[in-house]
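The following pair of complexes shares a single chain, chain A, combined with chain B in the former and chain C in the latter.
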Partner chain A sequence: MLPQFSYVRPDTLQDTVRHLKEKNAAIHAGGTDLIGCLRDGIMQVDKIVSLNALSDLHGIRETADGGLVIGALTTITEVAENLLVKQKYPGLSQGSSEVASPQLRNQGTIGGNLCQKPRCWYYRGEFHCLRKGGNTCYALDGEHQFHAIFGHDLICVITHPSDTAPPLAALSAQLKISGPEGSRTVPVENFYLLPVEDLETETVLKPGEVITHIVLPAPAKNLRSSYRKVRARRSWDFALAGLALALEIENDTVTRGRVYLSGAAPVPWRSRPVEEAITGRKLDAATIQKAALAVVEDANPLPENTYKMDLFKGVVEEELNAIR
Partner chain B sequence: MQTIDITLTVNDQQQTLPVKSNDTLLEVIRDYLDLTGSKEGCGEGVCGSCTVLLDGHPVRACLTLALEADGCAVTTVEGLADEDTLSPLQQSFIDHGAVQCGFCTPGMLISAKALLDENPSPDRQKLRQALSGNICRCTGYAKIVDAVAHAARPESGCPDCHTKDSGGDHD
Partner chain C sequence: MAEQKNSYYTQGLSVPETPAPGEEPAFWKQTHVVGKRLPRVDAYERVSGAAVYPSDITLPNMIYGAVLRCPHPHANVTKVDVSRAKKMPGVRAVITGQTPEAKKLKWKYNDYSGPLFDTHCRFEGEAVAAVAADTHFQAWDAVRAIDVAYEVLPFVADHNKALSDDAPDIHDSGNLVGTDEYERGDVARGFDAADVVLEQEYHTQSELHTPMELHGCVAGWDKDRLTLWESTQGVYAVQSEIAEILNLPLSKVRVIGHYMGGGFGSKLKPGKYTVLAALLARQSGRPVKLILTREETYLCTGNRPASTMHLKAGVKKDGTLTACDFTCTGPSGAYPAGGTALVDWQIRDLYACDNVRCASKDVYINAGPARPFRAPGHPQASWALEQMMDDLADKIGMDPVALRLKNIPEISQGRNQPYTTTGLKQCIEKGAEQFGWKKAVERAKAHNQTDTHIKRGVGMGACVWFVGGGGPPSTVIIKLFRDGSVNLNMGASDIGTGTKTVMAMVAAEELGVAPEVIQIEHADTETTQYATPSGGSKTVPTESPTVRNAAIAVKRQLLEMASEDLNVPASDLDYEGAQIISRNDKNKRIKVTDVSRLKKRGVVVGVGYRGPNPPKKSVNPFAAQFCELAVNTKTGEMQILRFLSANDSGRVLDRLTYDNQVFGGIVMGIGFGMTEFRQLDARQTGRLCNRNWHDYKLPTALDVPVDMESLPIEIDDPEANNTGTKGLGEPVTIPTAAAIANALFMATGIRFTRAPVNPIEMRRHLTAKKEG
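Up next is the complex of A and B:
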């Protein structure tokens, strides 16, 4: 039985924002994360604001310059299967295909996937952890084999659960956000907050704000992108280690490269050491070897997740070999 | 608590139902409509035993608010048989020993039906992918995959299947 809440389904963005400004109001897009959170009692929600009457937020269209605009309510299945996404941004298509299960991809939306709450078992369980206003990260001294090796600063060691945020960040996507103060645009790479920046929330969304669209710039002529996800169960799981690549390659040389990791940090984690190891170089065996070592250069693994070091090295090596 | 009327077309029958804002589609199906084939396993979208078709797409009924399904068509496992005659897919599950405790079976059947409706002759990889959101703790999946593969191609027999008593030409 879910706790009690009121429910509204406004048909304008303006009304949506007005409802969302109220205390303890929550956005319902696909609902797959929200309903689980309500069932687990990890947040107080008095009002659910459904986005599903906002038809402008559905669907994928090409922009005049050859980029794409994806409505935030577009399902993960639609993103994964869309031909334009497959052609222009294979990394995003691959990332979307790797999300959860077929049923959840049919329900879950791309906007919702970006705004997921953490999957840490202490957070989802009956533990009054730091993120729920307590004063302890139970995972730090507890069970943390699936937790972060970067960016946690020994404060909160969640990993960000999204498989679409790393490829979107690598592809330099931007988020259109509407809220009480009007609309603004935030690059995916600046959307997430580290524990050292804020423990109460994972994103820069302010009360009343909602993602409406995701804008992908036109792909450069020599762009290659990919997403690889390693997980404990092949059928259905969150990433132990994942890698999103968006590389521009001319005459076998990487002229520009953006590299993001999943299953690595409390946010989609940009691996500048890998970018530096490959930019301006041919992806030969020596460069790939250097990049594989570079990926864990700044890592701070915990006692039970040092295995992720080798996992990330292996994933970088395999994926750079595959994309060259 | 206040109720709101929604319209659902469940297994081809249109109904108007008063629901509470915190009712899930699964609760409405099981408790209001007494269609108890769909099961609640984990209640958090992991196990797949609550899978139903919503406008033709398999979804988790335990994670769907009833209010969000207003105006939609829902197919549950009870909608597969024609009166007392099982669908070929259901019969194939029986013939291949794909049912043990049976708890996952309604969800498996619905996921399999969604696949075959979209792709009548899937290869085994597609088939496994389509069933990847449904957990079975008894069978080890092999017989379930055999059953769906056989239902997809009964005329060609199924060389991988291990039983001899169904309608196909078993080696």
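Up next is the complex of A and C:
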């Protein structure tokens, strides 16, 4: 049952920000995550501020330098199917098409996808856990087979649920954000907060702030990108393990590489060990083997999710073989 | 049908002969409607949204109910204060254990009876109070305004710990619900005679019923008479139970359940919610709609209990099974509810074996009570037995298909009676042939020799279903109106399986009318006839013979009437659909619609009853399933490539609805074997972790193969009943998971003894195997 709330749909960004400054106001984009959160009572919301009248936030366009700007309200289906995205950033297109189900992709927006709340079943259930202001993480000693193996510091072991954030981070995308104090730009890689940094919010967004656009730099000439996701069932499910690659490959050698993992950590997790294992090297069997071992180097798995260690190794092996 | 204008008859069809009064109808040799692929008679209503399900009902002045549920797996309610809730806007009724109407009422689980509101809450989701208000929102606000205090008690959520000394007692009698033991022959001698003896422990997880339509009803009183629009598998079952609980005459309880969105066993009976809705309606003087949320249904409307099984089996080198020793522990949940019901039937009955011992232990845990779940008990033991058969075959170097064929029993050993017919052998043989078993095995093995991390496997399993023969009682009425149109009246529910369609086909076959013109009235205790609930795969074998008998009763009367018009004895007349003709003088004929007494009366009413089942024989369906799949040994991902199900369920009535059952059963079996499990937070709070459709993982369209094949093995079974039908809805899901596990073994060399095998489980085992 939904709680009581008021609803506004301002037509300017300025008004949107003004409404959002109020206590317990929340942004509504596609509503696919927000409505579930309200129904499950995981946050107190008194006012819902719809972005849907902000036409500037829709659509995908090419920038002068050959990059792309994606409006935060662009649906995930549009991102997945857009030809420019497919050409320039196949990893983002693949990541988008791996999200949820066709219905959710048609309704959900990319901005909402980046800002969605965690999917830990304690958090979504009637458990007053640490992240909801309680004093214990139920997952740590409980049922954590779907939880994180990196970056949790044994505080909160969620995995970040987004399938678009890892490829965006790998592709060095930036987020344009508007808020009460004006606009700012934050790289996707700096957008998320680890539990040690802040336990109750997942992103650096301050009250009243809205993501308006996602900016992707022009793809380097030799850029290859991909996204691979493994899940417990083949559709409508979050990642057990995912891998976003953005590699520049010249003469078979990786000259630059950014590697992000999903299903791994409370944030899209940058795998520097894998990057180091492959940068400056040919993607031959030996390198791939090394990268596969490297991916779990600093992992800290829990008793029920150690399977993720070999899973990530397997995904890295498969995907590096596929991309070379 | 334009050319048929005023006639509702399908022209040019021959109609089965009408048996003389007192004679049983002959077995259909050749059929004209039955066996075809006929779309659902109610397809338009279902697809257009015109079909009204209980969740769609809105009545004038109707209000909404909501239930306060215990959030703890085990607690004593020490205080329920509804004073604030009662004063909330829109609230018209509030009931608790202290409300006079509710205080004396009992709620039953099998042979257990306790107060409707028990202050000792034994599972998360137990009802503590209920309210009804003008809107949903008001009702839930009022639920939240009820002040309850609980004394939280220690719980046990793991059935393997339920009987340990430190487990809290859930009932005064302890945590043992009951045991069941069975023995034939001499197991020890059997093992001595074996060349190979293997034993293994197997585990399956609890599955939650997930029908599309949520559980619930609308309840309304008209003075002292209660009407319930209930999403149910059986309106008469709801009527009798509610009448008993509320102490009302059956005639004062009307239950209507025309359309319903699935139950899979969990809607064979009313829910506690049904009683609560009735009480709230009585207190408020308004009709009350009480439809549960998905979270509530996951907590308290049933489940397939988990199982821990142990199977030891012996075989001779030539493939003869010499002994099976099986034990199982399973949880009923918080009340007696069949935690191990029927779990050993595959072991007792499926394969020929002289020495068999089975022992099962049903235990209490602090979780929602079980309810029958499509083929109760069977997929669990099939998971054990069919994997064991493959292991035995492997050890003696025999093909798994051949081993099974070597052990086809001649009689039902579990009952020590013959079957009317058994198609077990044909299901396995013909299924293997159609599947291309031998080639598929060779192909997979050759593929696995190549340098690839995608491995392939094929696997199979067979089954028998415990019942499936249906039986009395059932009454069906067929009315033939003076224009020749037909009304079929039966109490049975169509739970989505196509009951209405197949019954129309049976009536059409017998009367020679087009199935489309048969109007069906069903599932209403006031206007339709007594029927048992649709479950146990018994609706077709119960109702179709009854429909046939009703149609014959119509025909017999028409012949009597026509004999007056034609001046020949009825015994000399043939009913041929549109007309009635004298056998001796073909010129003596009359159109059915011209029969004088029919014209005068306006209607002929034929009543059919379900006759008895054959004495001392067992009517059972059989099946064998085959699958091929691929495993990614780096990631643990699996893809089922194809499935084939060969089913002996007697005569096929509608090939379309038949295949629907087969495919649906395979899909559900894939859920049991690969995706679904109830996760309790057993080590901390005992509460349910996965209570939504994301966390409770039903298979999606991408988890099931496009290539599914249904192969009916039709064996004439005139003894079973007069339509020669046996049940289908449950056998189709019994061996599915085991067939998958066997294919996984071929692909990976790993025995997956724990269901479900999802990529997590697969990856864990791949790692364990690598590490030796």
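As a working rule, the second predicted complex is superposed on the first by the 324 of 324 C-alpha atoms of A that agree within 3 Å, B and C clash if a C-alpha of one lies under 4 Å from a C-alpha of the other, contacts with A are read in each partner's own complex, and residues count from 1 in each chain.
The rule we apply is simple: contacts are C-beta pairs under 8 Å (C-beta built on N, C-alpha and C of every residue); 3 or more make two chains touch, one makes a residue touch a chain.
Remember, it's a predicted structure, so these values are computed and weren't measured experimentally.
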When the two structures are overlaid on chain A, which partner does A:236 contact: first (chain B), second (chain C), both, or neither? both
Which holds for A:102: it touches chain B only (first), chain C only (second), both, or neither? first
Please indicate which partner A:23 is in contact with in the superposed arrangement: first for chain B, second for chain C, both, or neither. neither
Name the chain, either chain B or chain C, that contacts more residues of chain A. C
Tell me the contact category for A:1 with respect to chain B and chain C: first, second, both or neither. both
Quick one: is A:32 in contact with chain B, with chain C, with both, or with neither? Answer first, second, both or neither. first
Touched partner set for A:221, first chain B, second chain C, both or neither: neither
Quick check on my understanding: which residues of chain A belong to both its chain B contact set and its chain C contact set? 1-2, 4, 101, 234-236
Per the contact definition, I'd like the list of chain B residues that touch chain A in the complex. 1, 4, 21-24, 27, 43-46, 48, 51, 54, 57-60, 62-65, 67-68, 111, 129-130, 132-134
Considering only the defined contacts, which chain A positions touch chain B in the complex? 1-7, 9, 28, 31-32, 35-36, 39-40, 48, 50, 52, 77, 100-104, 106-107, 234-236
Given the complex with chain A, which residues does chain C contribute to the contact? 71, 136-137, 140, 453, 632-637, 639, 674-675, 679, 681, 683-685, 687-692, 694-695, 697, 699-703, 758-760, 763-764, 766-767, 770
Please name which positions on chain A make contact with chain C in the complex. 1-2, 4, 101, 119, 121-122, 124-127, 138, 141-143, 145, 230-238, 240-241, 306-311, 313-315, 317-318
